[in-house]
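Labels run A, B, C and D following the written order; every chain starts at residue 1.
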């Protein structure tokens, strides 16, 4: 009956293509790295300035000079490269990153994404999200289908300030997988035990 | 022309003015110019505009300058994890100009290399685009972003030689090189000053031409989010 | 996804088309992709536009592609020391778009990082500015220059690991990194492919993300102007 | 009776300020490095990608990977740094180079400089000259006062395509030193054995 966080991350991991460079956002997207399928090798970018991001360090081996974009301590791999923020976003804006898997507050049926600000309440800032959605080859959103009030996060149009216009390619929620096409939203897959009708019922946006 | 100064206070002597624009390196608490920030706090200079990706945390990094109300305006991409920042912003005490992270880095680099403006797709159709010139290239819309030309740059590097040639360590590089280039005067603090000739000339991240004043000192290097994994017992 | 190819011919297989735009690294004969140029000559592809600071000399480097008339247009800053180039240009057989050297380098970098246009003071009031948009920032005039988006990039590095992380040696770096970033497909030739993990991650000039195909080979590395001094006899 | 090439270079070397970064053009400007006054330490930039340019190598020690902007083999110094062309011209355009000493075909009394093209005859290209004159703090031109036909190279206005508009600060010729001011050309110094009147006579432009 619907996917949990790890199942959503595992499903998102199936999006990864061998030999590509990928950026994973904070939250559920970070978990994706635990489910990379066998035979698929991807290089993870951390937009604060590295390619080849490794796992968390062992206790006692944390290095304050080695963090990811979520400010968490991480480790390097044999193929790691470091660079400055201008070059890091140069490769993002320049389309060198094949895919970003990001969290979201709202997604609209035209592909608009909102994930940086709740007006008048919580100000966090867009960080690198606007650059990522504008620059990477493919944007996959992973999020719960509804908010804590049970309201749909997949909307006819975003109510929050948007991060990017028409940028989302695919939405993976606890209920299933939905593609944003030029004709509208299209259900690709339902989570175990979830029906197409249940997804439609839980979605404010029009499913075509 | 000696670039090396005895302390952060000495290195900032005579160049701090109320209302000035400071570009600061660092991302979160990683690679931040701790010593120079402390010296700016001590100086009492006020009404600062600071271009920096974050503003530290409440009691460390640029958060210290927010606590003392020396900052009038921040140019940043992310202010989460900083309750006082958010409070000052939401109450209208602090101006905040949000910049997408990559736009902020590129604006610093642009200022440093004499480019007053460039076009980017980042932020098109969002709040960020409001009031900005839009131009179409090859059928797509882009917005004009302007170079940042700061009065001073404050930067943290790992090592530098006596002529200011500097290297950074791992992800502590981040905004430091672009920030360094965009200030009229750039002051860097390092963990170690090494003799000229001891750094590989092919591997220098910030050539000394960008560095006007240089200090060495002890750094706390606080960790913001200590995440670890357990050693697997086989 | 293996990036390593057996030869320049193999690395270029299937990606050369008449009329394509190629960005090439190198300055004079220093740091030029000798092997890839030779393979392009052999391929017979024609009507090329090549963005490169120089066009080699008459019988070496890009000069070879001029000799075989495979190039329709050059985007360069300097064509001295190349009699055939000058002859083809003055006779109207070859198009030539002059770019100030720094503008050319920045246009490549801009293309590589998704910037379709930027403003520069270089060339204001000269022939270079003709037909270009002028914009005033802070009371000064600047002209709009456009990013270069090449079909392929051909680049020479010193060493690379198997994932394409590459380093350059001394002034042979020059246009190679910006050229590498602005092509849809980037092919690099190196003197030595080294195992992953043998390059310092803080000292890599061109991250492997930019490198799609990689070959190793012998380079002639011809010297254009051999200037020396005598050992002082004391 | 007028300066020779070395004397012009020696005079130009007096323009150098201690602790600065300087770019020397091809020709007589290259000779300036032989005359750097004692107690003055300057770092030479070569715009193809280095700071800290050293002298020519000893015979047999030439390195094809180490050349200057004139494509000549050179050497490195202990403080040498290498970088790519985008960064090299970034520092030029960004005003980090204090001074460029350049050759010229023509200089006009408003500071216009022509040194890159003889129309229809000789096409060499501007190389980095347009970037240098637009970006560096101070532009000093070193050239013969007249061409091989005895005609003044200091003109009311340039006849050749210009490299930069109003960019020259000081002109050093075989006859003396002339400043470009907002009021016009101003003689600063005469070469040994040359009079003010001789400079005026050899100059097409107006000397004020």
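What we mean here is this: a contact is a pair of C-beta atoms (placed from the backbone, for glycine too) under 8 Å apart; a residue touches a chain by one contact, two chains touch by 3 or more.
Computed from a predicted structure; not experimentally measured.
Each step here moves to a touching chain, and the least such steps from chain A to chain D number 2.
Comparing the centres of all chains, each the average of its CA atoms, the largest separation from chain B belongs to D. The chain pair C-D and the chain pair A-C differ in C-beta contact count, and the higher one is C-D.
Comparing each option in C-D, B-D or A-C with A-B by residue number, the pair that reproduces over half of the contacts is C-D. The mean-CA centres of chain C and chain D are about 27 angstrom from one another, to the nearest whole unit. Look at where the CA atoms of chain B average out and do the same for chain D: the two points lie 36 Å apart. Chain B and chain C have CA centres that are 32 Å apart.
Under the contact definition stated at the top, the residues of chain D that touch 2 or more other chains are 50, 76, 82-83, 89-90, 92-93, 135.
Chain contacts: chain B has residues 106, 109, 113-115, 120-121, 168-170, 173, 201-202, 205 touching two or more partner chains. Residue ranges of chain B in contact with chain A, taken from their complex: 27-31, 53, 76-81, 86, 89-90, 96, 98, 100-106, 108-109, 120-128, 158, 168-178, 205, 221-231. Of all residues in chain D, only 46-50, 55-68, 70-74, 76, 82-86, 88-90, 92-93, 120, 122-131, 134-135, 161-166 touch chain C in the complex they form.
Within the complex formed with chain D, the residues of chain B that make contact are 1, 109, 111-115, 161, 163, 165, 181, 196-197, 201-202, 204, 207-210.
Chain D makes touch with chain B in their complex at residues 18-21, 41, 43, 45, 50-52, 76, 78-83, 87, 89-97, 135. Chain contact summary for the complex, chain C toward chain B: residues 106, 110, 113-121, 135, 137-138, 140, 142, 146, 167-170, 173, 200-203, 205.
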